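Okay, so chain A shows up in both of these, paired with chain B first and chain C after.
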Partner chain A sequence: MATVETAPAGAFVRPDGKEKVTGTGRYTADLTFTGMAHAKFRYADHSHAKILRIDTSKAEAVPGVVAVVTQADLPDVKFGGFVQDRYLFAKDVVRFEGEIVAGVAALSEEIAASAAALIEVEYEVLPAVTDFEAAMGEDAQLVHTEWASYERDENIESSGNTMAYHTIVKGDADAAMTGADVVVKGRYVSDASQGVPIEPRAVIAQWQGDAVTIWSSTQVPYAARAGVAATLEVPEADVRIVVPLLGGGFGAKCDLHFEAQVAALARAAKRPVKLVFSRQEEFVAIAQRREGIAMEFETGVTREGRLVARRARLVLDKGAYCGEGGFLGQMAAMHACGPYVIDNIEIRSYLNYTNNQPSGSVRAPTAPQVCWGLEQHMDEIARAIDMDSIELRRRTLIEEGDEGPTRQIFDRVGVKETLERAVEMIGYGRDLPEDEAIGVAVGWWPCMPAPSGAYVQLNGDGSGTIITGAQENGTGAVMAMPAFVAEELGMQPGDFSMLYQDTAAAPWDMGSCGSQTTFNSGRAVLAAAAEVREALLDAAADQLEADRGDLELADGTVRVKGSPERSVSIAELAGAGTIHGKGSGEVPDAPECDAGGCVGLLGNESFLAPQLITQAAHVKVDRRTGVVRVLRVAAAHDSGRILNRMGADGQVYGGVVMGVGMALSEGTMLDDQGRQRNPHLLDYKLMTCSDAPQIDVEWIEYDAVNAGPRGSKGVGEPPQVPTAGAIANAISKVLGAQVRELPMTPERVWATGREVGA
Partner chain B sequence: MTRSFVSAHTVEDALVAIAAGARPVAGGTDLVVGARQGKAPLPDAIVAIDRVEALAGIRHDGPLLVLGALVTHEALVAEASVREHLTAIADASAIVGSHATRAQGTIGGNVMNASPAMDTGGPLLCFGASATLRSAAGERTLGLEDLWSGPGETIATPTELLTSVQVPLPAPGTGSSYVRLEYRRQMEIAVVGATAVVTVEGDRVSDARIAITALAPTIRRVPEAEAALTGTDGCAEAIAAAAAAAATASAPISDVRGSAAYRTAMAEVITGRAITAALTRARGGSVPIPASPAMHGTH
Partner chain C sequence: MKVTTTLTVNGTAYPVELDPHISLLRAVRDEVGLTGSKEGCDDSECGACMMLLDGKPVNSCSYLALQAEGRSVTTVEGLAGEEEMGALQRAFLHQGGVQCGFCTPGMLVSATALLRDNPEASEEEIRIGLSGNLCRCTGYDGIVRAVKQAASGQVAAIGAPPHHADTVAPHHGG
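This part shows the complex of A and B:
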């Protein structure tokens, strides 16, 4: 077995790998500062209630308490990505069980916890809105009575509890439906689920004068900086976010999360203050979980398998606040179309406020749930016209020149190849025992164009430093950047160190989200490296008295092509260490489309450089218990050119296992007040290593146009998109019926099988 | 928060600390998880008994196999006489929690925690195991069915320490198994479990002991199921009748792990599989340890 020391030449070795696996790595919770106090939050006592009075005097009187903060101590500023609807601490109303009413800093965690419990809060309890479909009823209790007065993105269409309403419309779906040979309908409901990073969140804030440094386990340090600056009304220049090693995120550590509350406590305490979450808080208090969705699909199809019309109605559980998840409804609507040619489309999507935990971006937000529903619907369509479901997909998947849901014209896409490869790898169609079956699902996910910036500098000894705003979420995407730069400069990855995860060091970056690190941050780093390359070529041309065009960078030298003896080492050229480059690269434009008939345009109405995925799952169903085991998953992906094969494969392994968990066991259960019933790892069941199936990965590679560096696309999120759908289609073949609720727990599979007498 | 922690090296040291109010801890697997989940705070005073040699090890004592309170699940699974004669215990210990739980968690802690979902409980009950409790006042030995008084409750007084568990070795011709419904392959807790200990003489089942786990406030034997199997030839109909009796005897709750209706239905399925595995073993056939994945067809 290869180890760090013995890994074969060229294999990708993560610079942070050794410290992580040997236990020497320092995560945020491992840091300690002189005089540091500990923070605890007082959470809401009801899922929905007016706050009549908050009395912190008993908490303040506890010996060892150094600060107590409520919203009354802070600027009257609300935050939220598309709708500004939340205060750092609840001001007048609490809207979900994890809402923070007050923060306490004390000399020990125990003192802080006991003081937080002494804060007196008087409430007027309001009815809790937990059913996200009923939330849009005319008589429903409003979650935000003042919704109409909130600041919001101009493209967000809101009404009452529907925080955002979106449509995707193409042609005339009603008319086309009447003309279809067969119309197939299906309803599917997905529970909410969680990202569950193994490192619970930690934040430490320390003020020096008017400036604050915040160490935070965040995926998005620049968003956190902006959020702290806005809510505490301090300049961004005075806020520095540093991310120590991050123990996973999966989207759950996106958005502004507690950095501002801890900074406010530290300012009031005049000490560094540290917050470390328990596992239960990690489940309950974060405003970032995968949303529950109720989906109704209706598709008109010809006997030959042409999709003439698609109608869909999607209702999403936004939870109590917008956060960064204002776009979820439009994203879900695009996934209700999928990577298929559909003549006429009418998708309606409702993102509804409830008194449940807020939803936000967890790995490919909305896509795995909607794909799970849609791909079962596709299998149902195939059965309705008596066609093999693979053949139906062959006839309807997009290819170059086809038109998308808003009439974007696709460049080359490899989705049909992914279908054929996945089906071939898994051995689709072969005989299997009667309790086993193979299911297939296809999904897609857009690339997210965003600005980024980077510096590359050479040191006097010929080593180099890469300074990037990119955030390492555990995916290895940032870790791969020395390899990209080294290749550009004819050097070795080990020649470079990296300065990153520090907002004071590098230009703005979107963070570890949206599968964007290689796509955008990689582009910036390569642009910076290109400037260094130009500088090296200029210097070498002088020194070697050669034409620039005759020079190449290789083996740590600049040399004349064909005459390697005429060379000068990069170390010599680096001289005093003044060679440096900066870059951002050109952000690719969103594809042109015709979205004039659509409501709520937030930018996802066309998909830039879509990543396309087919997965085939071989499962075994214990009919008598409903327990499903996934034996094997064949994953064929189009992410354009793969720049780091080991890292890309790793994303697929992780995404598939996360997808298996979502398919079979991971679901947040709520009581009638919207409180979580399983906020811990005993009853929120992640898949273990022992449950992981055999996973075979293939990449359909080509140079994607209008995409990421070197013809690449994103990689990180798509692996989870079709996994649950593929498993669902396999289960339904064994049972002879669709399981219409996600996760497809043993009890749900058993109940479905019993209904049809399987 | 724990204010006092002492490590005992003899049973007498441990008993002194316990008499002064300390809670004994061996593997700590229930204590720490319970505290983190907010079920119960860590005790004010703890006495670690993991280094008390007198509580360690497995030994034969005539017809009994004596398990020291500190014997881990991992050690139970590895013990040849447990695998051969008390196979259901090996089945159970092999699937408790995770690798880490099995290496750390002890039979003594398991028994005294008295969870209605404990995996080793059904096998111990069916084999007629007894527990020895010691305090400064003396020692007493009682059957587990008398020890367990309710979910998480025993009749042991706060000053008593469990020192060993005695398990009678069963008659020749006996086969046993413990089967658990498993949503995933590791880190599981029993939602439904069943134990079967059957003795076969010739082609007849001469004795049958059947217990259900996580289906009632305590782990309990099901006399109706035992009667349905005893005296039969162990045919499919007899197994089905015994399994149905186990389901009838179940009184499960509905919670996040499953509804009462599902658990009741599973009681029948899992009991049937446990009996099948035990009969196979009693007749000299082979069922791998642990039996659960093999009987679910998912090994």
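This part shows the complex of A and C:
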């Protein structure tokens, strides 16, 4: 049983906290196994080239090398979430700089690295497709010449370099645009950016007979298990993924990520093999960056501020492979509508292959970039009709009963309250020095309904064990589960330990992605606890000769309401330790909608229990240098009922600071071959402690309908959604012009100011 | 060619055999076997590997192990001395200064040095003092609250109400 650090009244102390502050906690890279070898990958020498020949003989001859693996050694199986387009190791073609051509395992990292460099690869270099808008031109070089033959989700619409095409169509946008009082157009372009968990990825694989155990720094152990099983053609039952402490993810550690390559090396080497990424590999080799997007918005509006029509064209940089990011185009299309009432809509979204690093889910994928563009567009609309931009949002944001882009009807939502609270907190409208301004942005993000399962068992001494498939990435979402279960059973959080992050222990779980842990896994754990509660009530009713309805669970006992002396301890009821419960709970239904006119339906066409956010940013701009400093951010969020205030606040602080970085400094720069020019932390600058603004957080709380346990929604991703947009709108007030490229670096801010003579 | 030497870590002398090019971080993690200090970048950019060398914070990833010969190395494992946890560590837990925990060892080492040199550090001094340590989870808010709490000696008063966002005074530029 966990010994739990006693918290001051009202505070939440995470059960994994003590090991994290004392240095005794183990992350994947901290583990060592007897006989363990070390892996290094040989990466592509070109961003786009045909492989003519791979010769590994010199590497194999290096003393200390215990295995060399290429795709020729493995089943001819491709993987990918929506389109199966990639091999574990490049087979015939390399399509981005981080593509893995071969893996080497050796007695030391140094030997493995020098052997990997000796592998001879002969190429026929092909033109690299790096411009993701030009990629859809008719004469563009194809990134995947065999695209039409790939296995794919039946709802994915593909053509050439456009891996997925999506539309959202409502009413008649063309006709409504013609009838609008004013039409406003705007183009915005966001660079790609990165999740940058401070822990670089690590994987260790060890075979015992036909079964493999893989310790991995993954956010999605069950997806990793499925990927290993599929690509190595072994049953899922023979693949066990264990996640030691996970040093952050932010989406960058979603999807199958190197577990299968390391398992293949370990099988060939007949010993455990460990891979630990360098920071540069963590930038370049992962298939999970935040995508670059070019956005063109056109909105027809009445003088009174009614949004009568929205057209948008979104082009997204998918990079070389699909991975789990096949849905990005549809998600971006929903964010091009935003949480607004719009009468007629026509959004076209193109997710294009390039020879750049693959894009995938990074914290609220597509939302912060599109929100950054759309919310600047909203400010432009307000100016065009001479209306205050807050007033325009007041008149157009959704409320209960309103209709969404695909005619879903919203339940209660608190977005207008978030707007009012954020502008009040920041002091919107007050006089500021001429180089300072306040900008506001509003965003949304759906809850992700998914099945989950959990067990709760009581041990003979009255302590309990929670067994959940949920994955803790640092947010505290899993760490809060003992408190939920304890409350259900009248016990203390410290009475429970947890078995989690082990695919052999618990039923399938989606993983720490989609802000879904409390929403889905929390529901399952509570359902399992409810079964235990029923068993305890049955047992206590017998023992106390009382009616079940007269009993309550409190203070570690089951007792007769009003007669606390008639009680029996849970430890006594637990007996030998066979009382247990299992649960899944009921997955909320996706809202009904009318998406018949839309192309590419992947499940994001309606938003279940949307989380809604307004952030207001107070910003100071140095016009001479273009340097922007964010002084303060006021964040008002509707995530329904908040179940763990310290954990939820922590998500906002972290998300906002990530958003400030994305706004001002975080952009992946590419050369003309699609190679990253800043794959390290000196040139890819994260916000430091002294860069971070003051952040004030408020929650608009109510019991959300058709949502997570106890009226909750998700929490983790939305905090980053509107931050860059709010900062952009503040900058534009100082400059008198919109900054149309993200990140809004000093050069770009300076150049924008110069164009308008600010 | 390995070199035999002794590294003194958290008050204990460890005889080790090292390749001369090995960093202090590698030596402490792989040879001494204390894995609390983390490698986040191997380039002095993230601070996850921060150790005290004769009391001064260094990025141990960029420091040769042999340069630590005859000197005193302190890692996160040694911060509390004989205690299970020190006041600063408790404050990190109570103020939400820990999420994924990967930056935490380096943060604690830097904050320890900061508070030892400046026990009454202001919020601005704390923020500047911790700028060599990157955190991607917390937005630094809980970390700064924790160091402020330790700086003001409130840590001893376990049971005091936790600081929430609405009770923390605005800091620099606010």
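Here is the rule we go by: the second predicted complex is superposed on the first by the 750 of 758 C-alpha atoms of A that agree within 3 Å, B and C clash if a C-alpha of one lies under 4 Å from a C-alpha of the other, contacts with A are read in each partner's own complex, and residues count from 1 in each chain.
Here is the rule we go by: contacts are C-beta pairs under 8 Å (C-beta built on N, C-alpha and C of every residue); 3 or more make two chains touch, one makes a residue touch a chain.
No experiment lies behind these values; they were computed from the predicted model shown.
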Of the partners chain B and chain C, which touch A:682 in the superposed model: first, second, both, neither?
both
Is A:665 touching anything from chain B or chain C once the two structures are fitted on A? First, second, both or neither.
first
Looking at A:279 after the superposition, I want to know if it touches chain B, chain C, both of them or none. Which is it: first, second, both, neither?
both
For the overlaid complexes, name the partner, chain B or chain C, with more touching residues on chain A.
C
Please indicate which partner A:625 is in contact with in the superposed arrangement: first for chain B, second for chain C, both, or neither.
first
Who does A:746 touch here: chain B (first), chain C (second), both, or neither?
first
A:200 in the overlay: touching chain B, chain C, both, or neither? Say first, second, both or neither.
second
Look at A:245 in the shared chain and tell me whether it touches chain B only, chain C only, both, or neither; answer first, second, both or neither.
second
Chain B versus chain C as contact partner of A:697, first or second or both or neither:
second
Share the list of chain A residues that count as touching for chain B in one structure and for chain C in the other.
278-279, 620, 629, 680-682, 688-691
Touch list for chain B against partner chain A, complex
1, 33, 36-38, 98, 181-187, 189, 256-259, 262, 265-266, 269-270, 296-298
In the complex, the residues of chain C that touch chain A are 29, 34-43, 45-46, 48, 75-77, 80, 84-85, 89-90, 92-96, 98-105, 108, 124, 126-128, 130-144, 158-162, 164-166, 170-174
Going by the contact rule set out above, which residues of chain A touch chain C in the complex?
5-14, 16-27, 29-30, 196-200, 245-250, 276, 278-279, 473-476, 620, 629, 631-632, 645-647, 649-650, 652-658, 680-682, 686, 688-697
Complex contact set, residues of chain A against chain B
110, 278-280, 435, 620, 622, 624-625, 627, 629, 664-665, 669, 677-678, 680-683, 685, 687-691, 745-747, 750-751
